[in-house]
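I'd like to ask you about the structure that follows.
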Amino acid sequence: MRRITLIVTAVVVVLFIISWIIKTNTVPEDGTFRPFIQGFLVTFAAFLTLAIMSFLYRDNPFYKFAEHLYVGVSAAYAMSLGFWTTLVGNLFPRISQNLSDWFGVPFLHYEWHFVIPPILGIILLMRLSPKGGWISRWALAFIVGTTAGLNLPRFLRSDFIEQISSTFLPLLVQWQGVGPFFSNFSLAASGQFIAILTNITIFLGVLCGLIYFFFSKEHKGVFGTASRFGIWVLMVTFGASFGYTVMGRISLLVGRLTFLLKDWLGIIS
Amino acid sequence: MTNIGVYISLLLIFGGLLAILIYSLKGRDVDRRIIFLFVLFSVASAIIFHIEFEESATPIVKKVFEFVENLPPESKILISFDFDPAMKPEVHPMANAFVRHALVKGHKLYLMGLWPQGQALMTETIEYVLKPEFPNAVYGEDYVMLGYKAGNEGVLNVIITDFRKMYSTDAHGTSLDSIPLFDDVKSAKDMDLIFPVGGGKPGPKEWILFVGDPGNVPIAPGLAAVVAPLIYPYYPRQAIGLLGGVKGAAEYESELKKNYKEFENVETPALQMMGPQTMAHIVIMAFIVIGNIGFFRARRRKWQEGN
Amino acid sequence: MKRTIPVIIVSVVGTVLVLSVFFPPVQTMGEDFSLFFDIIAVFAFFLGGGNLVRIHLVKIYRKRPDWGFSVVTLVGFFVTLLVGLGKLSVTGVTASVTAPDSFLQTIFVNIITPLSSTMYALLAFYVASASYRAFRAKNREATILLIAAFIILLGRTPLGMKLTGWIPEWLSILQIPNLAVWIMNAPNLAGQRAILIGVGLGVVAMSLRLILGMDRTYLGSDND
Amino acid sequence: MIFGKSLYCSFIIIACFFTVATAQNEAVATVDSVGQILPQPPGNIIVADHKYDNGGIIDIAWDRSPDDPLGIDGYNIYRACGDGDFEIVAFVLPGGMESYSFIDDKVERGESYRYKISVISSGGESFSESSVSVRGDWEFFDLDKLNILILGIIVCGSVIGFIFTARAGRKLFIRKISGLEALEEAVGRATEMGRPILFIPGILDMDDVQTLAAITILARVSRIVADYDSKIEMPVSRSLVMTTARETIKNSYLAAGRPDAYYDDMVHYVTDEQFGYVAAVNGIMVRDKPATCLYLGAFFAESLILAETGNYIGAIQIAGTARPGQLPFFVAACDYTLIGEELFAASAYLSGDPKQLGSLKGQDVGKFVAMAAMIIGTLAVTVVSAWQFKFFGWLSDLMYSMFSTN
């Protein structure tokens, strides 16, 4: 091991212990654990946070430690939850009185066809063996088939048909066909003009956006102009996404820093 | 004291930005790690010095709030925790605000989740918000924790016709038949409102596709900022309104505070985050401007050299 | 045998699920298939766990670089699995797997939460450095994008109101928060809807190809 | 005790008063043996089989009891199967409506049922007449979803139709995709500068459509590279992608008649770990300074980091992904971006695969239907909102019934 690595590790260990001691004496009592253990838990959480952040400087053993821990723990977490909620909750009450009693869930009634999913599940696990891999495709096929069968009608309904009728918007708002068009012209955000502008933008935006993604006709002439307008609308859309994504990422950082400053360092209350 | 701190850190931040501007005008490159430190400092100082702002709800958030206001008492509201800790700072405040609003209006709450991590966060909500703030709420009569189920869209496709087929018990192993809240509930269609809170897959989009549209149930999604713009096409017909990111959460929190005296002193994490959030937005916008100034200068120089 | 049966399974399951939407008599079967899917999804978690264990055991066994970290993964995995499957807590076995006093909840709060949320918090830093070094108004499209992003970023913070709050009511669309709301409600909605319709049709076509057995990429290559 | 009783009596007196005061020409209140006033029963009970279901649902509706506005406890719903006895199946709270409805979803298909509604108040319970007998039937087809089926058949039919047309050898037109021309230019520039081309196929495995599209485009890129005699470098994060990519590039070099110039190390596997992969690619970029970077495939958070480094080393960058969350970053940081479906269209165009071409064409039919419907529907709604012409009213109703599902 290089000397610098040793020194850094030693410093981290010392800081960890100091923090542990201080936290042990300052954490509020919550009844589940003794302060000694609670102090450790908070310090450990802070250590993991900083270990991941150290990747910003460069890839290093602390980051690798944290990342590897994450991979292992989260896989086991999902397995535990899946076991208790779905296998114990949905499968056992349908296939075995004994298993249901053992795990303390109310037994429903026998449904013979519910032996199929566990069989397919075990077939899926065959993928772990080098030779039985091919049979795991049966289970995979079930998953693929279910997803395809579930998605087809629902995407057709919600993302295609419903979207079309949602675009049927009156392009003339608050006008009864006679008299002056604008009762009170203004650029107020809640005014008539902006309402009309909104509907026209939506209508033309969707139309031209679709034209941009239309591949059966060359983008020339009117079609070309429309597709150019379409790409501008798409760019505004991406700009909005961009802004929101930045906002989201920052929120996560704020959340993490709040943990460090509040729960760990106790600088703010 | 705090004020001085605010001024000093503002001064440092703007001074730093100026320095970076000058640096890049000279055509030199600023190391990315300096930028990292800069972001860290500006966000941390805003957290420490508690820069807080007022919020007012935008129409799209207000629609959700008013929908809950206008529901008859004892309506059935389902909140789905479809997120993990990585999204928690943005969307957990929404889930908590929904819980507060629903209970203070006397509605019945059903909590479930499509993400395994959601169940642990559900527990946090119940322990830190529901139980301390609503000590009179009775489990099984006012709220119930159904917990997580594996299977993404598959779960939704079953609960749209039958809850009991998917959840034979709640998260504690109690049979649904012995829970009063389920006396007159058969499927998700019996809900008066569904709040899917999340931002990945499965999440609010799946709720609209698999429950909202086929079952004609009002959906009010609480979304992580990253996916919020993607859900706008469903508004207003397929989603009655939506909350996008920490800003949406902050608006909802402020609306709750404004309308209900009892929430004046509760924690409002989303509102508190808006200060640091604003600071970071300013810094990032400044970076884009500075970067582009450098870019256009360099391009012009190249041009001039070319001629 | 290796390729025909999977294709038949996909077709049958897919067809039943599509029909169950339109034909009430098939509905129960569709629900049962969804439940099957949910149960198999749990086995997929087990598969993930099994794969993880296998990969890291091989790494340790062959003394690959960084094999020591694989030990960390395995220890984390097995400890979590033990307390999770056992529903363990200080006081014994809990009723709910995520009961507030269970060890699994402790691991969740103190290990999973800091790790997964910090992973994503890193992106805030990268967004900042990319905005300084990469986001350029180099053509008309990128310029429009950046301007829209600017308005949204300003409008989503209280600063937007502070800067443009003085604009009178009859011009209030020019106030940045209002403008941001308008962008979200009009051009953003339109663009997203165009994308949504396109992607939706793509999903429909893809699902159809799978159900009809025209697309067999999920089977992978013939070698394994 | 006494206090409680007197309160009870006074309550009854008040209730009587109200009942008498508000009972207008309605049936005289019945008094039971104890002397309390029974509420008047609800009337007009309508029972019907639920439409388009599995047979397990019956709809019940009834008019409220005249006493409803005075405060009742609620309604009990009784059900009898066949000639059997009546049993309580549900309790409905009063809600101030003129009429109530209930959906009984716990009946057996094929059995006949009769229903009775009773109203409960402090005065007791009084029953309505028994309803007619109704059988829980299932319908073979859900007529409410007819429009989904028709539109589904149009879209799916045209996808299938075009796939068969393409298979039969008919040429299907696809417009020029400008990103593809940019590709050629970018490769040319790398050749001029004598620096390599970096190709990143995303971080997902071969089972993702985007990775497949990326490999199709790789075939094209590597062909140009082989023709121009420049260099390509391709670090990947999945071993299966590595195998496929090697094969693809090898074939391109063969087709260009320069199999000797190909070597396996053009494509090398780095690691499956997302951030580990990004760190390694970053290293390669800074070290080798590729003149052109191509990011095609499925990208997640790494899009940002890659594009930033590419910008830093001054490379021409072309990106393409269908992941909406990453598109904005690519558009802002790269010179050219294949947006969403353009990636698939490019792949279909280059490969000439009938399956891809047919799908693309079929989806175009769907888009055409959408555009036409939007124009007609918007026109109808606009005209109706201003002038209320009958024909347009009819037209807008038709459009809504066709394109709305609730």
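Annotations
To keep things simple, chains are lettered A, B, C and D as they appear, and every chain counts its residues starting from 1.
We adopt the following convention: a contact is a pair of C-beta atoms (placed from the backbone, for glycine too) under 8 Å apart; a residue touches a chain by one contact, two chains touch by 3 or more.
From a predicted model like this one, the values you see are computed outputs, not experimental measurements.
When C-beta pairs in contact are tallied for each pair of chains, A-C comes out on top. Placing every chain at the mean of its C-alpha atoms, the farthest one from chain D is found to be B.
Chain A and chain B, compared by their mean Cα positions, are separated by 12 Å. Computed centre separation for the pair chain C/chain D is 15 angstrom, with centres defined by C-alpha atoms.
Measuring from the averaged C-alpha position of chain A to that of chain C gives a distance of 4 Å.
Shown for chain A are the residues that touch two or more other chains, namely 55-56, 67, 77-78, 81-82, 85-86, 90, 146-147, 150-160, 162-167, 203, 206, 210, 213, 234-235, 237-242, 244-247, 250, 252-253, 255-256.
Those residues of chain C in touch with two or more other chains are numbered 21-22, 27, 30, 34-35, 37-39, 41-42, 45, 97-98, 100, 104, 108-109, 112-114, 116-117, 119-120, 123-125, 127, 129, 131, 133-136, 138, 141-142, 145-146, 149-150, 153, 156, 181, 184-185, 188-189, 192-193, 195-199, 201, 204, 206, 208, 218, 220.
Across the assembly, chain B contributes residues 32, 36, 39-40, 43, 86-89, 117, 119, 147, 149-151, 153-154, 157, 166, 171, 173, 213-214, 226, 229-230, 233, 245, 247, 277, 280-281, 284 that each touch 2 or more other chains.
Of all the residues in chain C, the ones that touch chain B in their complex are 21, 27, 30-31, 34-35, 37-39, 41-42, 45, 95-100, 104-105, 108-109, 112-114, 116-117, 119-120, 124-125, 127-129, 131-138, 146, 150, 153-154, 156-159, 177, 181, 184-185, 188-189, 192-193, 196. Contact residues on chain D toward chain A in their complex (touch as defined above): 147-148, 151-152, 155, 173-177, 273, 275-276, 279, 324-325, 327-329, 331-332, 339-342, 345, 360-361, 364, 366-368, 370-371, 373-375, 377-378, 380-382, 384-388, 396, 399-400, 403-405. Interface residues of chain A facing chain C in the complex, by the touch rule stated above, are 32-33, 41-42, 44-46, 48-49, 52-53, 55-56, 64-87, 90-91, 113-114, 116-118, 120-122, 124-125, 127-128, 133-134, 137-156, 158-160, 163-164, 166-167, 186-191, 194, 197-198, 201-206, 208-210, 212-213, 230-247, 249-250, 252-253, 255-256, 259. Interface residues of chain B facing chain A in the complex, by the touch rule stated above, are 33, 36, 39-40, 43-44, 47-48, 50, 86-90, 116-117, 119, 147-151, 153-154, 157, 166-169, 171, 173, 175, 199, 208-210, 213-214, 224-226, 228-230, 233-234, 237-238, 244-247, 269, 272-273, 276-277, 280-281, 284. Residue ranges on chain A touching chain B, taken from their complex, read 56-57, 77-78, 81-82, 85-86, 89-90, 93, 104-106, 108, 146-147, 150-151, 154-155, 157-159, 162-163, 165-166, 237, 240-241, 244-248, 250-258, 261, 267-268.
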